[in-house]
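Below you will find the structure I want to go over with you.
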Amino acid sequence: MISTAQILYITSFALIVIGLYAVLSQRNLIRVVIGLNIADVGINLLLVTIGYVEGGRVPIFAAGQSAGTMVDPVPQALVLTAIVIGFGVTALMLTLVMRIYAHHGTVDASRLRGLKW
Amino acid sequence: MYTQALLLLPLVGFGVAFLLQGTVKRSPAIVKTWAMLGFAAIAAVAALAGAEIGTLYEGPTVFGSVLTYGLTDLSWWFVLLIAGITALTTVFTLGSLRYADDYPMYYAWLFAKVFGMIGLVMSRDLLSFFIMWEIMSWATYLVMQQGRDESRKAAQGYLVYAISAGMILLGGVVFLRTASGSFEFAVITKFVAGADLGVIITAIVLVLVPFLIEAAVYPTHGWLPSAYASSETTMTAYLSSISTRMGLFGLILFVFNVFGLDVIDRIGISAHLNLRTLLLVLAALTAVLPTYTALFQHDAKRLLTWHSIGQGGYMLLGLATASTLGTAGGLMHIFNYMTYVALIIFSIAAVEYRTGTTNLNKLGGLITRQPVAFLGMLFGIIGLAGIPPMNGFVSKWFIYRSLILGGYPFVALAAFIATVGTIMSVYKLIHNTFLGQLPERYNEVREVGWVMQLPIWVLMAVVFATGVFPGTILQWIARIQVELGIAPIAYTLGGVAQEAGDLNMMVITLVFTLTFIVGAVIFFMGGKRRIVSQYDNYAAGHFLNKDVPYNFNYNFYSAFDHIFEKLYHAAPVQSTERNLGRLVATVGEYIRRFFTGQINTYAAYYVAAVIIALAFLKEVL
Amino acid sequence: MVSPMLFIIAPLSAAFIMILFNSRVIALGLSLLVPIGLAWLGLSWLPYTLGAAQPILVASIPAPLGIPLSIDALGAGMAILVAVSAALVVLYSSSYMKKGHHEVRYYTVVMILLTSAFGLVLTRDIFNLFVFFEILCISSYILVSWEQDGAALEASFKYMVLGSIGSTFLLVSIALVYRVAGSLAMADVATALATAPRGYVAFAAVTFLFGVGVEAAIFPVNTWLPDAHSSAPSSISAILSGFVIELALVVAFRVLNTAFAAVDTLPLVRVVAIAGVIVGEMAAFGQKDLKRMLAYSSISQIGIMLFAFSLGTQAGAQAGLQHLLMHAGAKSALFLIAGYFIVRTGSRLIADYAGLGHRMPVSAALFGFAALSLVGAPPLLGFFTKFQVLSAAGAAGGFTAWLGVAVILFGTVLETVYLFRVLRVLFAPAASGSPARADMDWPALAAVALFTALVVFGALLLPTLSQMIGPMADGLASLL
């Protein structure tokens, strides 16, 4: 029997691998950025999954509840930070892609090779 | 006190000369005077420093060990040579260096080089030895690269060799330090005596190869001719006379003193096939091949630079026999070569000063215009060719003798063959410069001034005097031999007294002089000579006049050139050197392709790196 | 004692203040004063940290809940290096950056970069490290793309993609670590990982190494470096090559060596380091673009430092740190001078600098000294640091150590050849008479001269340094 957590782990690693594969294989810079975003999603899922507790509750102390049944709040906090950072980086990257298009007239990675060797 | 001064004076000299570089164009006399004073002071201190032989001085502490320096008999001998030739060179440059704006740093770098060389020979531990070695190499590079673009290109060639040598030596220093735990020579000696053969071989290869490179021993001599020949001419004299010998100094120090002959001789298949045999063979190749290359040079400086390599071969031949006579010959040849090569190149510089060229195809007939320079070159080439009564004969005689007595007949034969080449090439030198027909354009050429004549006269006197009275030099050599653990040579004022045949230069000189006088008497009494104009003459059936010049000068040994052309141009060393350079460049070119410029590839490297690293760690775990 | 929290607070608030006032003078003044003040702060903390690391309490919340920060000798030393370098580069920028070219924003980003740099050396929390790492990366991306020309944009984008992959891996590592440790404090991580399955730890360690390693420019994730360091404004190249990659290297190695100590990654690191040395020198050998050549040289120099660290001995760590100091001085100076070469000639190609040494004699001479130190010519600082790296390797022994020695020695030969090829061009005879002197402007010249003075006379500092280097080197193997 596969547990929910296992499914989540598999999904998250699959997302990371898909994202990285996109970065490896896609020549279009926008797609490269999207690939990185997919990997980001995978990471965020991974972090949340780590804090996941089977049948766990919201990590807020209320009367009669012990910490044992709560999901771990720390990864959730981390995910929030990671999402913010990911958002910032993505925005910056897309800006750069725009500028690159304006300068080079292309978003093809194989033609964007002015700097090499 | 003198020992410290020997290190301090060149440093101060360097600093002041460095600061004076701005004045060079307007008033070159200031920096020239400073250099003259400085090098004279160094020479004076060097002469006085003999009293401090054996005293060790401590310098700064580096890496937990104290840098030590001090004089030994060997290093004092070298200090004297360095200081003496530097002072003479400086006197000569007072007159000759008139294009000071091309060489604004001439004296500054020269001071730096003297500092490096004196420091090197006075180093008493491995670390200071290496530091000084590097300073010397860098200073040599800086000295060479002044002036024209051509000099800088050639100096770059030197730099590649020098820095390679330096890095090999650094590897050796690190290896010996790690293995023996100390930089001190004494500790290393003790360690090496009891070490494994593998360790000894590694240490010896790492330490001795750099010295062979610096000494331009075949096949690592490729850097020398261009580097020396493209320098300013006085610098060519200076570099040829002393710079290359620093490699030999290292060799002597490490073979005889630091490692010890016993350890060196443990490496080999049998008593007759060992490291020293290898050195002898290399030395023989060094003596023969460059000497014959010299035959085909059309530039006086370049011709002599090939002899700098070849004569280094003689020195190594003598030293590698490790016999009393051989080492005496080798050590003495260092001095002799220094004196006569400086003499010859000063003469060339005197000619260049007036004519502006050193091209042997364009000179000729200058004997009447520059007799002092002619005499200087005559004395010098007699020494270089190893003909009595000049000093070159004595050391070469020792070397031949030691090779024959030591049972190396083939090596001795090689040495003789090399001497034939030497005589041929120096004849070309003096003929094409001073003999034959004087080209019209040099009619107005005059002798150089007395300042430039002075070093020539001094060196002529030295070359002759130490040839007639070799005992004056041999007394120093004997002291060095005692220090190196070799039985000292039994010298007399005129040469050497030994069972296997005496040498008395005074007698030989007397015979020579008498023969010369007899010949002169016959020549002048015969009354057969007639002085004619150089155009009232003929050669090979042609009348010589202004329009049909005497043409032996051009391509002097063209017949030999025809025979050896293929061999010479197929010189394996030059092409190996070039190919090595090309190989590095090509490999670098391919490695650079790693940076493809495409982001997808970079991402792939990333993922691959993680996967390979994981696989690697699995292996380790 | 002034709180070391100022290391993070001061540059951050300076950044906000200068963007608020949007005045060149205020921006310049602040970005000069802040690093100088912080350098002084670092110096004042140094004596205390030499004895023992000083933990910093943030907002009165102790370790498991709060974010652990600590200043140790290594941290103080790195902070001083960063602050001094930054001050000098800002001084240089004051004349180098074109006036009215968004200067205030430039200094703002530099201050943010400084914030993250100081944060990285102080933090003892693995997620906090990630955050500072990201800030460092993002500010670097922005600074690399500063010129907004084709090359800068391209370089910045490549840098950004690789940096993002790096942060992905870093986060994976953090997630894995948190799963077994249940804490983000490095000290807890170290204890927890000691008992975790070794394959698991190895995976976490490798993803961490290459995650942070992308900023530390370790081989083979350094492919962005030659592009970024050569396309950035020269002042930024000096910052990036001078202390950013070194800092990332120290941080990456320290965490790997302590928190992930459960697996022995040193052999892996050593192989990576040696590969970096040879690839960097070989690639630099044929370069025609001066800044690109210097950037490749940085790759190999980083390799040398990493190699020294990877020996795993105290001597190796000391040697690596000293070499780091030397490289910071020499490479900053070289990049800063190269910047003015480009300004004066309008070209990046070495071939176009023929005879420039006559126009800019002082700059060219300083270039020569810095180059000499970089290749390790005695008696300059570079010789002593390189020698120590080599002798530490010899003392450590083993095949890879001696291989590293051989590679470094060979690399030095290559480095000498290509750097002196540049010098030969610089001092080539001037084409036309005696050209007008046009040395660097004085603030730039002063900054470069100070960097060069460090590497030329640095050997005199060695006795003083050797008393402090021990605790600093210990920092590489301790989390206190």
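Going in written order, the chains are labelled A, B and C, and every chain counts its residues from 1.
Heads up, the rule we're going with is that a residue touches a chain if its C-beta (ideal position, glycine included) is under 8 Å from a C-beta of that chain, and two chains touch if they have at least 3 such contacts.
Values in this document were obtained by computation on a predicted structure and should not be read as measured data.
Novice: With centres defined from CA atoms, tell me which chain sits nearest the overall protein centre.
Specialist: Ranked by how close its C-alpha centre lies to the overall one, first comes C.
Novice: Please tell me whether B-C or A-C has the greater number of C-beta pairs in contact.
Specialist: B-C
Novice: Taking each chain's centre as its mean C-alpha position, how far apart are subunit A and subunit B in Å?
Specialist: Distance between chain centres, rounded to whole Å: 68 Å.
Novice: How many angstrom between the C-alpha centroids of subunit C and subunit B?
Specialist: 44
Novice: Measure off the straight-line distance from the CA centroid of subunit A to the CA centroid of subunit C, and report it in whole Å.
Specialist: 29
Novice: What are the residues of subunit B that contact at least two other chains?
Specialist: 592, 595, 597, 599, 603
Novice: Could you pull out the residues of subunit A that touch at least 2 other chains?
Specialist: As it turns out, subunit A has residues touching two or more other chains at 20, 23, 29, 32, 112, 114-115, 117.
Novice: Scan subunit C for residues touching two or more other chains and write them down.
Specialist: 157-158, 161, 165, 226-227, 283
Novice: Given the complex with subunit A, which residues does subunit C contribute to the contact?
Specialist: The contact residues of subunit C facing subunit A are 127, 131, 134, 138, 141-142, 145, 148-151, 153-158, 160-161, 163-165, 167-168, 171-172, 174-175, 178-179, 182, 184, 226-227, 230-231, 283.
Novice: Would you pull the subunit A residues touching subunit C in the complex into a rising list?
Specialist: 16, 19-20, 23, 29, 32, 36, 39-40, 43, 46-47, 50, 72, 74-75, 78, 81-82, 85, 88-89, 92-93, 96-97, 99-100, 103-104, 112, 114-115, 117
Novice: Quick one: in the complex, what on subunit A touches subunit B?
Specialist: 20, 23-27, 29, 32, 109-110, 112-117
Novice: Given the complex with subunit B, which residues does subunit C contribute to the contact?
Specialist: Within the complex, subunit C touches subunit B at residues 157-158, 161-162, 165-166, 169, 198-199, 202-203, 205-207, 209-210, 214, 220-221, 223-224, 226-227, 263-265, 267-268, 271-272, 278-279, 282-283, 285-286, 372, 375, 377-379, 383-384, 387-388, 390-391, 393-395, 397, 405-406, 409-410, 412-414, 416-417, 420-421, 424, 427-429, 462-463.
Novice: What residues on subunit B touch subunit A, complex-wise?
Specialist: 592-593, 595-600, 603-604, 607
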